[in-house]
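Naming follows writing order (A, B, C, D and E), and every chain is counted from residue 1.
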Amino acid sequence: MISIVYFPKIGAPQLNLPFSALRSALADREGLVWVALEEPDEEEITRVMVNQFHFHPLAVEDCQSDGYQTPKLDDYGEYLFLVVQSVTSGGLLEGDTTRELNIFLGDHYLVSSSLRKVTAVEKLRKRLERDERIYQNGSDFLCHALLDQVVDEFIPHIDQLEEEIDFLEEAVLSNPDPQTLQRILRLKRYSMNLRRVISPQREVINRLCRDDFPMIDPHSQMYFRDVYDHLVRIFDMLDGIRDMTTSALEVYLNATSLRLNEVMKALTIVSTIFLPLSFVAGVYGMNFHYMPELGWRWGYPLVWLVFVLIAIGMLGYFRKRRWF
Amino acid sequence: MISIVYFPKIGAPQLNLPFSALRSALADREGLVWVALEEPDEEEITRVMVNQFHFHPLAVEDCQSDGYQTPKLDDYGEYLFLVVQSVTSGGLLEGDTTRELNIFLGDHYLVSSSLRKVTAVEKLRKRLERDERIYQNGSDFLCHALLDQVVDEFIPHIDQLEEEIDFLEEAVLSNPDPQTLQRILRLKRYSMNLRRVISPQREVINRLCRDDFPMIDPHSQMYFRDVYDHLVRIFDMLDGIRDMTTSALEVYLNATSLRLNEVMKALTIVSTIFLPLSFVAGVYGMNFHYMPELGWRWGYPLVWLVFVLIAIGMLGYFRKRRWF
Amino acid sequence: MISIVYFPKIGAPQLNLPFSALRSALADREGLVWVALEEPDEEEITRVMVNQFHFHPLAVEDCQSDGYQTPKLDDYGEYLFLVVQSVTSGGLLEGDTTRELNIFLGDHYLVSSSLRKVTAVEKLRKRLERDERIYQNGSDFLCHALLDQVVDEFIPHIDQLEEEIDFLEEAVLSNPDPQTLQRILRLKRYSMNLRRVISPQREVINRLCRDDFPMIDPHSQMYFRDVYDHLVRIFDMLDGIRDMTTSALEVYLNATSLRLNEVMKALTIVSTIFLPLSFVAGVYGMNFHYMPELGWRWGYPLVWLVFVLIAIGMLGYFRKRRWF
Amino acid sequence: MISIVYFPKIGAPQLNLPFSALRSALADREGLVWVALEEPDEEEITRVMVNQFHFHPLAVEDCQSDGYQTPKLDDYGEYLFLVVQSVTSGGLLEGDTTRELNIFLGDHYLVSSSLRKVTAVEKLRKRLERDERIYQNGSDFLCHALLDQVVDEFIPHIDQLEEEIDFLEEAVLSNPDPQTLQRILRLKRYSMNLRRVISPQREVINRLCRDDFPMIDPHSQMYFRDVYDHLVRIFDMLDGIRDMTTSALEVYLNATSLRLNEVMKALTIVSTIFLPLSFVAGVYGMNFHYMPELGWRWGYPLVWLVFVLIAIGMLGYFRKRRWF
Amino acid sequence: MISIVYFPKIGAPQLNLPFSALRSALADREGLVWVALEEPDEEEITRVMVNQFHFHPLAVEDCQSDGYQTPKLDDYGEYLFLVVQSVTSGGLLEGDTTRELNIFLGDHYLVSSSLRKVTAVEKLRKRLERDERIYQNGSDFLCHALLDQVVDEFIPHIDQLEEEIDFLEEAVLSNPDPQTLQRILRLKRYSMNLRRVISPQREVINRLCRDDFPMIDPHSQMYFRDVYDHLVRIFDMLDGIRDMTTSALEVYLNATSLRLNEVMKALTIVSTIFLPLSFVAGVYGMNFHYMPELGWRWGYPLVWLVFVLIAIGMLGYFRKRRWF
C-alpha cells in the first residue's frame, strides 16, 4: 500500500495525495512529501523507489529482502538511507521478533518502507492530524518524529520484560521448577537479542545527531540527540535486566542444590538412627544357645531403653550439627 | 517550590528573592542568580523555564519526566543542560534508587530542578550562608559546589555498602543460610546499578573539566577535575565491592557443597559400619538346623568380638582416609 | 588449472583465453582480464604470478603456503593483495574448515588463486555468462562480485548451524545424554572458529569500502559496503548462536543435576519408609524369653497396623515437602 | 617532619637545610631543592605548601586528606602535582594497603609529602649520599629517581604473592581444606586490588614519558619510560597471578567434588554388597513351618557359598566399572 | 661469547671477524656489521655496548638484567632497541619459559644479545652462509631475518600445544582422572602465558612495519608486515587452543558429575529393591505366636513369589524411568 502525504509551504496538508500527483508535489522544493510504503508488493516498490526516486539499487534491494538486517545508515549524497528495527505493540516474548523499517531521508521528502506492519508509521500518521509542528520543520524533523515513535514503541516491551523478571525473581524462591528455568533462559536470550538490535540502532541515531549531513539542520540535531538519549536509557535498562536474569539463574541453581542438601539430610538422619537400632534388634534375633541376656527378666525393656538412648543420642548429635 | 538566591556584584546576597524580582536580578549581568526548583509542579516549571528563561523544549521536557534518566550534558550554546543523579542520605538498600537533578548553567545564572527532594541542594543553600567563596567566583564555581555536594552524598552510601560486604564475608563462613545468599545478590545488583549511574555521571563531569565552554572559566576546570577524581574513586570502590561480592558468593556456594560432603560422610560412615554388622547378626538369626556355631559355648561372645573388630577396622579405614 | 577470461572494451568477452594470449590481453589497458588459478601446481603459480605479473615474493609465498592464513589486505601500490576465507557448500561440521582464496586486484585485471577448490569462483564464472553488468564496471566491481559470492556461501552454513542449535535446544530437554553435550561443545567450538575467521574478513572488506585505493572507484565502494553489511549480519548471527549454545549448555548441566535430585529422592523415600519398618520387624524377631507382645492374640495384626501407619506417615510427610 | 635538601649548582649538597634557609635556596634558580614532608601535621603542610610555595588549594587538600586516592597527574602550569601509591617493605597480605605519596614537581624544586611513612623516600635520601648523578640532572631526574624507588618497592611484594600462589597450588592438591580456599580468595582479592592501583599509576608515568611538560627534559623521558616498563611488567605479573589463582580455585572445587565421589563410591560398594547378603540371611531367618532348605544337611554351608558368590559378583562388577 | 660478522659492500663476507677489527669494520658505513653476544658475561657487554657502541645506559641495563622483560621497542634516535622473547626448540611444557633476545638496530649494524642460549641466532648464522640475500639488503633486512627466525621457532611449540589439546580432548572422554585435569590446567596456563608474550611482541613488530624509522627502508616494511602476519596467526591459534581447553575442562567436570550420577543410580537401584525384600523377610522372621501365614503349606513359596514380584516391579519402574 502506498500512502502519500503532501505538506505545501502554504496551505493545508493533503493527507491522501493520489500517486499520480506525486511528481508535481515533489517538484515543489519548498514543500514536504512523505511517501509511506506499508507491506508493499514488488511492483509498488519498483514504481516508487526505482521509477520515481531513482534510489540506488543496493538500497532498493535492502527494502525488498525479507531477512534480518542490522540497523545502519548509508549516505548516498542526495539522500540518506536508514535501516532501523521496530517492535509492534503487544505480543512480546512470543517468538515475535523486531520488524525492519527502511527510511530514505531527502532534502524535502521522506520515503518509509516496511514489508511487515510497523505500528509506529500508523501512529505518526494519526499524530500529523493534530500536531502540525511535526511537518512544519522540514523533512529532518519529520524523520525525527518517525524515529522517536519507533523508539517509543520499545518502552512497553522493556516494561513487560521488567515485569517478567520481577515475576521470575519471586518464582525462583517460591517454586524453582524446570519451567522457571525455561522462562529465565528465554528472557535472557530475548534481552540479549534486543541488545544486539538496540546497539547498532543507537549508533545510527548517534551519527544523525553528530555528523554533518546537508539535509539535517543543526537545530534538528538536538532532537535526534533526544532520541539517542532514549536509546541509551533503553540499553541501560536491558543491561539491568540481563544482570537480574543472571542473578535469578544463580538463585535457581542454588535452590536446586539446597533441595538436594535437604533430601540428603532426611536420608542421613533416618539411616543413621535406624541402622544401629536394626543392628541391635538383629543381635537379639540370633539363635545362639548361650545368650544370657535373652533369659533376663528385664532384657526386653532394657533393649528398648537402648533403642531410645541411641535415637536420642543421634538426634542430639544432629541438633548440635544444626541439621534440622 | 521556587527559591531564588541573588548575589549582586556589590552588596549583601539576597537569600530569598521574591519571584517578582527575578527579572531585574537577571538583568544585572555582573551579578549571579540561583533559581532552585524543589519538587515543582507543572505550573512552576512553565513559569520559570519557559516564560522566564526560554529554555529549549527538550530540556524542559527532561525536567518534567519522572522516569530514570541517564546522566548527560547537552550544550545549548547560551547555557549547558546537565542531568545528574543524586542519592539521599540514609535509607540505602531499601529500594530507594537515585534521584534526578537537572541543572541549567548559564553565564551568570544557575537553575536547578528536581521532582523529588535532593538533600544536596538544601545543604548547599546552608553552606552559602557561611562560605561566601561559593558565590563570589561566578556561576561555574557555584555549579561545581552543587555537583561536589551531589557527589559527596554518595560517600556514606558506599561506606554502608562496604559495611554490608564486611558483614556478609563474615556471614558466609559462620552461617551460610539462604538469607545470606539473598543479601549477597541484592548487594551485587545494587552496586552494579550504582556503577551504571556513576559511569555516565563521571563522563559528564569529565567533559566539564576537559571541553571548552564559554561559561566555564579555565581556572574553574581544576575544581571540576576535583569532582571528577572523587567519582573515579567512587567507581574504584564499587569495583572493589563487586569483586568482594563475587568472592563471598563463591565461598557461599562452596559452603553449601562442603555441608553436603559432611552429611554424606556421616551417612557413609554409619552405613558402612552397621550394614556388615547387621549382616553378621542376620546370619546367626537364620534357622538352619545344622549351624554348628550356634551350639558353641563361646559363640555369642565370639560374634561380639567379630562385631567389634569390624567396627574398629572400618573406623581405622576412615581415619586413614581422613574422613573425620 | 589456469583459466583466463578477457573482456575487451568493445566486442564479446572471451571466456577461455589461451595462456599464450594473456600478454596481449593485458596490454589492452581499457579491457579487463581475470586470471583464475584453481588448485594450481607450483609451476603454474610461478608462470602466472612471477613471470607474468611480477607480484611481490611475499604475496606469492602466501599463495603457495597451505596452512591457515588470517584474512588480510596488503597494499602493494600497483595492486592490492587480499587473503579471504571461503567455505564450500555442504559438508559442514564434518571437520571441513574454511578454504583460502587469494586475490590480486589491479587497475584492469584480477588474479584469483586457491590451492583447494573454492565453489564461489566457479559460480561467479557461470554468472558471467548471463550477467554482463559484472564485467562492464571494471576490475573493482568484478572483485566485489567475487567477494559477494564468497560471503554468500556462508549463509547456508549459518542456517545449518541454526538448525543444529534448534535441534540441540530440543534435545537437552527431552534427552540430555553425553552425545548431546558433545554436539553442543562441537557447535560452540565451530561457531567460535567461524567468528575468528569472519572478524578479520569483515575488517578487510571494511578497508575496501572506507580507504582510498586508486583501483577502487568511489561508486564501487557502495557495493563493498553492501558485502560488509552482509558480514556484519553473519557476525551477529554467530553471536546469537554462541549465546544459544551457552544457554543449551546451562540447561544440559541443570538437567544432569535435576536427574541426580530425582534419583536421590527415590532412594530417600524408599529408605526412610523401609528402614523403620524393618526395625520394627527386627524387634519382634528378637528371641527374649519375656516379650509379652509376642503372646498377644492381636499382636501380629497390630504390628501390621504399625507398619501401615509408619508408611502413611512418611508418605504424608514427603507429600507435604512436595517430594513427589 | 620537614626535611630539606639543597643542591647548589656549584658546591657540596646541604642534606639538612634548616627551614629558615629554604626561601633563599629557592631563590637560586640554578640549584635544586627537595622538600620532603614525612608524616607532617596540619601546621607543617600549611607552612610549606601554602605560605612558601602557594600551591593550589585543591592539591593541598589532596595532601591533607587521609582516604584512598586514585593515582593521578594534575598539570598546574608552573608545577605538576602527582598522586602515587607506594607499598612498605614487609607485612604484605596483612591488611596493610598501599600508602599515598604526593609529589609536586617544579622547574628547580621537588616537594614530596605523605601522611604515613613511605620507605621509598627514606631510601632515596640515603642513595643521595653516595650517588650524585641523582641530583645533578635536575628536578625531573630526581623525581624519576623517587618514582623508580616507589615502583621498585612493589617487586618484593609481587614475589611474595608468587610464593603464596606456588604454595597454594601445592596445597589444593595435597590438602584442600576450607582454609586453603580462604587463602586463595584473599590472594585473589589482594592481587585485584593491586591491579587497580597499578593501572592508573602506569597511566600517570606514561603521561610523564609521553606528554610535553616544560619541567621535564626530553632526555629524562627515557628514564620515565624505564619506570613505565617496570610497571607494565608488574601488571603482567599480576595478570599471571590472577590466572593462577583462578586455576587453583578450579582445582580446589574439583577436589571437593572428587572427594564427594569417593565417599559415594565407598557407600555404594558397601551397600550393594551387604543389602543382598542381609536379604538372603533374612530369608532363612523366617519362621515358616515348611522351609525345606532349613532341614538340609548342607544348607548352611550352601548359604555361605551364596554369600561369597554374591560378594565376588558385586566386586567383579565394580572392578569392571573401574570403581576402585 | 662475542661473534662478529662483517659484510663489506664489495667482497666476501667475513663470518668470524676478530673483535679487534670491529672498529674499522664499523667505520665502513657502506658495509654491514652484525655483533652477536651469546650468553655474554658482564665484561663482554661493557666492552661492546658501552665502550664500542655507547648505547644508552638504560638499554644496556635491560640487556644485563635476568628477569622477565615485556617485549618493547625503544627509539634512541640513532638506533632502535628491541626486546623480544624467543623459545628454544624442544622441551616445551617442561617449565621452560621464553628467552629474552635484545636487538640494537642501527643504520649499518645490528647488535643482538641474549643472556641465555637462543637457537634462532644460531640458525640465522647458518643461513647466512648459503643465502646472501639476507645481508645484501641492509641492516633492516637482516633484523627482519632474525625476527622472522625468532617467530618461526614458535610454530613447533604451537603444534605441540595442539597435539596436547587433541590428546586431552580424547582423554577427558575415555579416562577423566585428576591427572587429566592437571594437564588441562597446565596447558591453559601455558597458552595464556604465551598469549601475554605474543601480544606485546606483535605490537613491537607492528610498529616496525607501520611507523617511520630512518634505519628502516619502506621496502623492508613489507617484510616486517609478513612477520607481523605470522604473529597474528600464532595469536589466533593460541585463542583456539584456549577455547578448546575451556571446552575440555567443561567435559571433564561433566564427566565427574556423570560418574556421580551413575554411582548414585547403582546405589538407588540396589537399595530400593532389597530394602522392601528385607522388610518382608523380616516380617516372617518375627516370633509372634499367632502368625497364620507361618503355618500355611504354601507360605514359603508364596513369599518367594512376593519377592520376585517386588523385584520385577521395581526393575520395571526403573526401566520406565530409563535409569538403565
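The criterion applied here is as follows: contacts are C-beta pairs under 8 Å (C-beta built on N, C-alpha and C of every residue); 3 or more make two chains touch, one makes a residue touch a chain.
Note that this is a predicted model, so its numbers are computed, not measured.
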Checklist line | Cα superposition angle of chain A on its copy chain E, in degrees to the nearest 5 | finding: 145
Margin query: Taking the mean of the CA coordinates per chain, how far is chain A from chain B in Å?
Written below: 25
Next item on the list: Could you give the separation in Å between the centres of chain C and chain D, each centre being the mean of its C-alpha atoms?
Entry: 41
Item checked: Junction residues of chain A, two or more chains touched -> 257, 260, 264, 267, 271, 275, 278, 282, 285-287, 291
Check: Put in order round the ring, from chain C and then through chain E, what are the chains?
Finding: C, E, D, B, A
Check: What does chain D use to touch chain B in their complex?
Finding: 56, 58, 61, 67-70, 72, 74, 76, 178, 181-182, 185, 188-189, 192-193, 196, 249, 253, 256-257, 259-260, 262-264, 266-267, 270-271, 274-275, 277-278, 281-282, 284-287, 291, 293-297, 299-300, 303, 307
Checklist line | chain C - residues contacting chain A, complex | finding: 222-223, 225-226, 229, 232-233, 236-237, 239-240, 243-244, 247, 250-251, 254, 257-258, 260-261, 264-265, 267-268, 271-272, 275-276, 278-279, 282-283, 285-291, 321, 323
